[in-house]
Every structure is written in structure tokens, then in C-alpha cells.
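Note that subunit A is present in both complexes that follow, paired respectively with subunit B and with subunit C.
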Partner chain A sequence: MTAADDDLPAPRGIRQSMASLHTWAGLLLGWILYAMFLTGTVSYFKDELSQWMRPELRRLAQIPDQAVVAQRIADELGKVAAGTSRWSMRLPDARNNSVAAFWLTPTRDAGQRAFGDAYFDPATGRKVASRDTLGGDFFYRFHFQFHYMPVVWGRWLAGAAAMFMLVAIVSGVITHKKIFVDFFTFRWRKGQRSWLDAHNALSVFGLPFHFMITYTGLVTLMALYMPWGERVAFKTPAERQQLAAELSGFIQPGRPSGQKVPLASVADMVRQAQERWGQDNVGRVNAVHPGDAAARVAVTRGEVGRVSLSPQYMEFDGTTGKLLTVRESVGAAAETRGVLYALHLGRFSDLETRWLYFLVSFMGTAMVGTGLVMWTVKRRQKLPDPDHPHFGFRLVERLNIASIAGLSVAMTAFLWANRLLPHALENRADWEIHAFFIVWLLTLLHALLRPAKSAWIEQLWAASALLFLLPVLNTLTTQRPFWHSLSEADWVFVGMDIMCWALALLHAVLAIRTARQRAGGRSRRDIDRRAPNIIASGEVG
Partner chain B sequence: MNTLIHRARSTGPLISRIVAALFGGYALAALGSVAVLALPTSKPQAVLIGMLASFAIYAGAVIWVFAVRSALKAWAGLIIVGAPLSLAAWSVA
Partner chain C sequence: MSHLLAFMLCLAGFAALAFAMRRHQRDVLGGPLPPPKTYALRVAGGAALLSALGILVTQQGWSLGLVSFSGHASITAGIVYCALAGYMRIRAGALGVYPPERKT
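Let's look at the complex of A and B:
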């Protein structure tokens, strides 16, 4: 027992152990976490971002009658996806000016995609004539599955990062003896102390949110991360289906009859759903075996105004249009999962709640960012030779620059690419994404080649300039300049322009403050004087 | 040679804890997610309870592993909690 007892240098209290755990759990996947936090934060406005990235698509001054739109798109899908065994469409709502639909590809040859998808214009029913782009869905997908790697790997990586985050949060709280006092403490312009205070304030203020968002993030993909109970409990596909029905509104297709019968009126089905849930509160229409005698259609409830994503739908016979079942509740555990899922996505939010989500999530991003920077600020003072730091220090320092300042540059470059790439370019949507990664890689090269402080300042200014000029680029390349959007009360485009300027200002302020700072934060004498206190208080680092 | 032994002595327990946290923690969470099937509730609900709770178990296990005084105690704790969970999991498998 004695040999094991002295495995840590000196007898350490739980607070010190937790401080080390907090530091390393936070650092190891910190760069991935930062990227997940920032792309996740902007994804609260994913639909608005998608609208901005498809400027050819007209703004919907008011939501069209969902029943009429559903019928129009169902007819179109009958042609575009003829012979499919299932299709699904998301109806336009207050945040969406197009109909996103996907369908199972009827005859599947090896190498062919299993699903086809397209965006449709609710007014005409035709595929939208818009530039090829993934829109806001790129940041959304990157947030939990990254890119250039199999989807499942990406999701596991995201899960590992979230688990590290959860451990960092819990250990961070245990480390803190004066969590309340520290929240009201801010020591401006005091080098390391200021970073620490900023990190504390950001963490403590948003603590319930950060904890919630991390745990619910794990819940969104829990069936992937923890499949063991499911594997032990269910032996047959029928049993597994019982579970699936608790989680999603996609009805399971039975066998097709092979007998051709046209689909009954989808508009009538959606009308019944509108009567039940409200005029603009229908979410999706999902059909299985459309055009076959065995067809069935599910119309799901919209996501607005209910804090759960548990399936709620009306199921219809697809040939007679008769209502078969209404499903509006699931088991207690499934409902819990539905609420946790919905809390993570925040789709139930009205505009104010959505902004609150965005702001607190932005603070979470800043929490991760300040934590990463603190690792270097704290260690720089203890370096034997501050001009030639060791490899690990340099690595963290450079990765910090590229993953924080560089990500801002790359994300803005993605939006620039959306406006600049020629419409006729083959695989245009992919090239927007390539542009994002190429620019991100360039910021890493830049961070490696330049002195650290210059790299920070230059990249922050680059991000600021790109953000500031994005509305100008938008004016030059689209028919929707700022003054036009303002006079049309087109708040998505107005908001996007203002947001770009606000973020440009933020990056400019950060650049100026970084430039003013002397190397190592404060003067050497100042630090030497302070050092004993820092060590004595045993802070997180 | 002595320094080598010393290094092994000082990093060995740390590596042991890291393994206990990463894999021991996951194993405990997985065991827990199967053990809940013994609860008197319908299977789909029990499966979901297990999934929902598993991340709390995992996080708790990691904190435990680094909070206790020695790597040995860390493993002992995992095994003591894991034993009844294994029994419960074995009863439903």
C-alpha cells in the first residue's frame, strides 16, 4: 500500500487532484471542444444562416398554408422520387423558407447513395434554383461529426470530447472553494489573474447551461455511445422497433402490396393536423410506400412551443386518407430523453430565448478559449528560458492561435466562399467546405511561422477585416444589400449584417488588447511580487 | 537503472489511473446501463434509463479515480461498485 500511496509527489488534497484533472481534461481535447462550442453556438441560427447562404430564395413574408405546400411537394416527390419506398419533407415555418425533403433511392446499386435529397420552393413546388450549398447545416454537422472522416468516427470523437468536458466541469467545480466570491471578483489588467477571473466568471455564470449542454449533447447520441442495454434487452427486430417508436416519428414501413394505388390527399391529412396543433405548427410529413396500396403517412407536430422532441404524430392510411392513430405521448424515460434532446437543440425557442441560448453558448465558447489561453499564460512565467520555451509549450501556444483566432478566420472564409465561388462550379457545396479547411490550415501554418504574439494579432485583425467586409461583399454580389433588407424588414439579412459588424468589433478589440499587452502579461517584477500568492492559493490552471 | 525504477514508480500509478478512468469508467457505465434492465419497468424504458444515466456513472467514476489517494484504491472502488452491477447485469442477460 505504501508504494501506491506515494504515487503522487506529495500528499495532495482533493482540490489539487481535481485541479490537475481539470487542467488536463480541459486541455487534451480543448481545441476540438472549442470548435464544437463555436460551431454549435452559431448553429442556433442554422436556419437563418441557410437563408442567408441561399440569397436567390425569396423571403417568405408570411408562412404559406402548410396543407397546400405539403400537397404540392408530395406531387412533386411523386415525380422526382417515383418508386421510392419512403420520403420525408420538412414544411416551411417561421424560420424556413424552403421545403427540405429526402427519400430512399428506389433502386440501389452498389456505390450509389442510399438517400436522395433536395430543397423545394414552397410557392412553385420545383427544386429551388439556388446556388449549391450546405448552408448552415455545415457548421451544424461539423459540430457533432466533423468532416473528412466517417460519420461514426466523428461522432465518437465528439462524444469523447463531450465526456472530457463533463469531467472538466465537475472537477472544475470541486476545485473551486469560493465559487460565489470569485464570480464577483474581477481584476482588470492583471495578466494571469485577469484570465483566471474571466474564465471563472464565464464558467460560473453559465454553469447550469454548460453542464446541461454537455450532458444533453451526450444524450443526443446515447444510443451510439451506450448500445449495451439495447443489445442485451432486445433479441428481435420487432422488439427493437418498440424502442424506435419511443424515439422517432418515422413509421416503420411494412411490406408493399405491389398493387398501385395513388396517394390520398396529403392536404387533407395536414389540415387535420393543423386543427389539432395549430395552423403553422406542423413539422414533417413522412410517407412509406407512397403509390402502393400499403401506403401510410405520418404528419408530425412542429417543434415550436413544446420542450420535448419526443415523437408526436398522426398516422394515416395512405390510400383512403383515414386517420389510424394519434400518438402524443411516450414512456417516462423516453419523455425525459425527449426533453433533454430538445433542451440541447433549443428549437422550441422563440426569438428571445434563441438569443439567450446563443449568448450563453458564446460564453461557453469563451470559457473554453480562456481556459486554453490560461494554460500558456500560467506556464510562461515558470519557463526556465521564456524566449525558447519547450516543445509542448510551443505546441499548445500555436494550436491555441489556430484553433481560436484561426477558426474565426476560417468560418468567415466559408461565408466568403459562399458568395464568391462561381455558381457553375462542379461540387460547389463541397468546395465551400474545402475553402473553410484550406483557410484553417493556412492559419495553422501562419501560427507556426510567426512569433506567437504577432500571429495572434494578425489573425484577429484578419478575422475582423473579413467579418467587417462581408456585408460589403454581400452588397456587391447579391440583390439584397443592407439598406434594401432594412426597407423590406428582412430581419434575417439585416441581422446577419449587424452580427458581422458586431463580431468584427469584438475581434478588433481583442487584437488591440493583445497588441497592448507586454510579453508575459505584466512586467516581470510585478509577477515576481505576485507569484507567492498564486501558489499559495492553489488555483486552477 | 535506479532512475528508471523511480520513473516507473512515479508514472506507473498515473498510467494505471488513466486506464482506470478511461476504460474502467466506461465499463462501469456500460455495466450500469445493462444492470437497470433488472428494474421492474418495461424494457424500452429501462434501456433508456440505462443510457441516460450512464454518462453520470462514467463521470462519477473518473472523478473517483483521481480523487482517491492511490491508484489501488481507485481500482478497488470501481470493482466494489462493479460487482453488484455485474450480478444484476448477469441476471438479465
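Let's look at the complex of A and C:
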């Protein structure tokens, strides 16, 4: 904005102020926002990604009867997690082909809590011997708490980024005064103007989503960011427990009686829930003190079709199987949170809505990406010596390359690592993640060492090649090649292969366009001529 | 099914709204449409979008309906946008020229 400052000695209007705010708020945390947006976008298909990353788990041709599966796994947990004070299992559904369970491991040390977890085959009830991986959960967790740092720090950083995003959205809307006149406008070959048009379109079309996702993102972690109200309102442990119960489906354990009584039929409990909520619409089964006379079991409702994450569950006496309570509503404040939380995660979606979420979120990613690139496009014209730009410009330019093109390479590398790392490797799941960060770091080094233009092109081509070859790698390393998935109607694997090719194409197109831009000197003169115009209009990115 | 219908309605709605704008009338049709036609396009576009919202809300309820509508609106606006940009690109390529920048 320095040039604009020189041109406009008069007091700056609100649009100019908002333009600088938008530029700098966007830039400062733009790289983090881009990573949050992209990893968050793919997380809409987290469960599918997890299925792909555990190819040993068989595809479920149809959802098995959840009541039967629940009983089978409960029996198995009785052996695997004998003596535990609580266990919890997520039943298989349309998007999950396994039962994920965790349990508190009994420890002598009263102060210590340790969890065990495992995936179970719904058909046999046995633990699945699949490769050790975090699956799609890695991108999901990275999206709001990053990695290699304490979880709380990561969440604070994500919250700061989200606040900057909110500032950028509001200031962007104020800055963009011709929001309706320019609604469908794209001007080709106008350099900065074209970038701005694209950035505006991506922002405006997805505006309801962008605003919703940023705001609800903050709501998901509000208890961390603003704990004071809660601390003042709920002082005793009993009140805190009640709050926790209001917000989650995990019933609070009472004291065990010490008297051994086997667990009543879990299948019967799940059947009652199925009658109430629908055949395939049971989410989790949670038990406290299983095998004790004081056992309680909660069967929670699935998330499909209701825009709220407020828990709904039926609580049973664990020894008699008698229904104790049904919880289907929470207070207004808790329900507001439940709805906003659900809107962010989109887990209620049917397949069509999930794709809409994915695509609009992808537009959001592109919005942040174009915004970042525009910072350099806009300033390159005004550099005193374009061949030797100043340090700040070079820094932003290189960070852009690594955080945009480099992230594509690194995320694909993570999937390659999933297929290539030996199963016996110790801490294998961690090494997949290390591979992601090592590759990302390498792309940064590459961006620093190569000329900017070449770095862009080479990294985009690298991402394209890695994506294009991923289905080939999948063919070579698993029993589930593309044609096999197609004939089996295994849509998760088919979809994954097709998405890889589509994204490979996208990166190839971007690489080709970037390469072509090098030759075009015409548009540059064009921009120089128009530059004062753009600045005066106040529409600067 | 309601998804497909809502999608088509949104697409038609945004296309109508785009053609109700002078810039796109000039770029695509070569000149402005008479005001009554422009007005009719604007009304038709708005009506199509509203009926898409109506269909989604009746089929899926307010909460899900609003979410789906927002998604369909974003995607279809993007498609109309890309179609217009693509059309201009192809035409410019065919003629070998780019239209002059209009003073705004």
C-alpha cells in the first residue's frame, strides 16, 4: 500500500483502510490459513481417506446389522479389555467399514489414565491386522492443531488464524465495493486484474460458506479460547460433570460395586435404539464399569440427517438391560453450539451435500491461494529492480511456493508413504507423518534455491506426477487396483483414483499456465498502464 | 432427486441473472437487451433461485435445506462464471482479439 499512500495524501477512506487491513491480515497468517483450508477440505472425506489408507480392511458391500456387530465387539472387548472401567465403540456405517473402539486400560496408579484402542472387523469381531496409520485423521487433526507442538498451542494458533480470517472476510467485503456489478466478471490477460477477478469470484460465490466455516471453526474450540464463563458458572466437579454430559454422549461413571455381574445383551439395547432412530443410524455404544453390578451402557444416535452434534442417547442399566433414560434434547445454548459444530464438520451430510462442502471448501482454499499470490503479483510491477527484489518480497514469494505447491507435493507424499513404508517399521504411523513434513521442508528448500518461476513450475509438475502415479502405486502395492475396484463397485477406491487423476490434471494445467506466463511480456505493460487506476479504485488485494 | 432439481434451477437462475447484466449482454450478445427483457430475466433468475430454496427446504427441512441451498448456489454461480469466462476466451481466440476494456 505504500504507493497508494504516496498517491493519496488526503485522509484515507474506509475502503483504503480496509484494503490495507485485508492485505496484511490476509498475508500474515495466509500460509497457515491455506494449509488449514486444504487439509480441512480433504477432511470432509476423512473416513473414505482412512479406508483407502487401510487397504487390508475389506469393503463392506452392505452395512451389517449394527445390533449383531455391537454384541460381537462387546464380547471381544470383554476379552481384549478385561477389567476396564469404560469402553466405547463406533459402529460401522455407510462410511466406515470397521469398528473403532477405545478403552481405559486398568492401571494400578490411580492418577494415571491410559487408553488402548483398536480397529475390529465387524464380520469376525477380531482385531484387524492393518498397517499402522493415522489415516485421514492426520489431515483432520493437523487442520486445527498442527503437529510437533503441544496440542493446546496448535489450537491457539488455529484460533488466531481463524480470527485473522474473519477480519480478512469482513474487510474484504468492505473493500470489494463492486460486489454485485462485478459479480460474474472475469477479464482475461489483465495480469493483476485477472487475479483480482478470480480472487473476488472465489470469495463472493463461497461467501456464506467461508463466513460460516470460519465462525463455526472458532465455536468448535470456544471452551479453550474463552473458558471464563464456564469457570465462573460451574464450580464444583459435579457441575462440571453435568456440563460434560450435556455436551457429549459419554455417561459419567459412578462407583463400581465390586460385584461381578456379566453385561446384559448389548444387541437388545442397540435394537431398541434402531427402532427409535432407524436401522443404520446408531453411532456409538459406550459402557462404564462393564462386568460390574453398577454397569451402564449408552447407545448414541448417528449423525446422519440432523444438523446438530448435541448428543442423543439411550442409557441402559448394564446388568438388566433396562432402559433408564432417553436424552434427545439439550438446553438452548448447548443446542446452538451443537448446530454450529455440526455445520462445521458436515458429518450430517448425504453424499451430494458432502461433495458441495468439499467443492466450496476447495474454492475457499483457492481463495486464500489466489490472495497470497496476488500479494506478489501486485508488488512485482512496482519493484525498483525486478531482477533483485527486496528481502520481504523474496520471502513472501518463496513461502508462497512452498505453502501452496509444496503442500500439494507433501500431502501426496504422505499417501505415497502410506503405501511404501514397510508394515513392520516401528512407529510406522509416525513415520508417515514425518515423511509429510520432510517432503514439505524439501519443497521449501527447493523454493529457496531455485528461481521463483522455475520453482513454481517444478513443484506443480512434481505434485501432478505424484498424484497421477498414486493409483499406479496403489495397483502395485495392494490387491485393489482400479479395474478391480470398478468391477466390485468399490466407490471409495474408485473415487480416490479418479480424484488423484483429476487433481493431477489441475496441477498440470497450473504448471503449464505458469510456464506460459513467463513468455508474456504484453500483459505486463498493460498492467503498468492500468496500475494507478486500480489503486485509485481502492480495490487492492 | 431434489439435489438435481435444485442444482438445475440454481444454474438456470444464475445464468438468467448474469444475462440480466449489461456487461454480459454486451460481451455475449453484442449489445444490451431492451429493459423489459432485462427485467424479466432478473425476475426469472430470482424466482428460479427462490424455488430451488423452496424445494430444498420442503424436502430436507430448514437446517439441511439451507445448507444444501448455500452449497448449490456457490457451485452453480461458479459454473456460470467459468462458462462466461470460457466463452469469452474461446471467442477471443477465434477472433484473435480481446475485447477492449470498458471504462467503469
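Basically, the second predicted complex is superposed on the first by the 519 of 541 C-alpha atoms of A that agree within 3 Å, B and C clash if a C-alpha of one lies under 4 Å from a C-alpha of the other, contacts with A are read in each partner's own complex, and residues count from 1 in each chain.
Keep in mind that, in the parts below, contacts are C-beta pairs under 8 Å (C-beta built on N, C-alpha and C of every residue); 3 or more make two chains touch, one makes a residue touch a chain.
All values reported here derive from a predicted model rather than from experimental measurement.
J.: Answer with first, second, both or neither: which of subunit B and subunit C does A:A295 touch in the superposed model?
T.: Neither partner.
J.: So, A:V167: does it touch subunit B (first), subunit C (second), both, or neither?
T.: A:V167 sits against subunit B, while subunit C stays out of touch.
J.: Go through the superposed model and pick first if A:M499 touches only subunit B, second if only subunit C, both, or neither.
T.: Touch status of A:M499: no partner.
J.: Which partner does A:Q242 reach: the first (subunit B), the second (subunit C), both, or neither?
T.: A:Q242 contacts subunit B only, not subunit C.
J.: Does subunit B (first) or subunit C (second) touch A:V270, or do both, or does neither?
T.: Neither subunit B nor subunit C is touched by A:V270.
J.: I'd like to know which partner A:L359 touches here: subunit B for first, subunit C for second, both or neither.
T.: Second partner only, subunit C.
J.: Which partner does A:L218 contact after superposing on A: first (subunit B), second (subunit C), both, neither?
T.: Touch partner of A:L218: subunit B, not subunit C.
J.: Going by the touch definition up top, name the partner, subunit B or subunit C, that contacts more of subunit A.
T.: B
J.: With the touch criterion stated at the top, can you tell me which subunit A residues are shared between the subunit B interface and the subunit C interface?
T.: Subunit A residues touching both partners: none found.
J.: If we count contacts the way the header does, which residues on subunit C are in touch with subunit A in the complex?
T.: Those in contact with subunit A are residues 3, 14, 17-18, 21, 23-24, 63-64, 67-68, 70-75, 77-78, 80-81, 84-85, 88-89, 92, 98, 101, 104.
J.: Would you tell me which residues of subunit A are touching subunit C in their complex?
T.: 178, 181, 183-190, 201, 205-206, 208-209, 212, 305-308, 339, 343, 346, 348-349, 352-353, 356-357, 359-360, 363, 530
J.: Of all residues in subunit B, which touch subunit A in the complex?
T.: Within the complex, subunit B contacts subunit A at residues 9-10, 12-14, 29-30, 33-34, 36-37, 41-52, 54-56, 58-59, 62-63, 66-67, 69-73, 89, 92-93.
J.: Considering only the defined contacts, which subunit A positions touch subunit B in the complex?
T.: 1, 3-5, 7-9, 14, 17-18, 20-21, 163, 166-167, 170-171, 174, 215, 218-219, 222-223, 225-226, 228-230, 232-234, 239, 242-243, 246, 331-334, 336-337, 340
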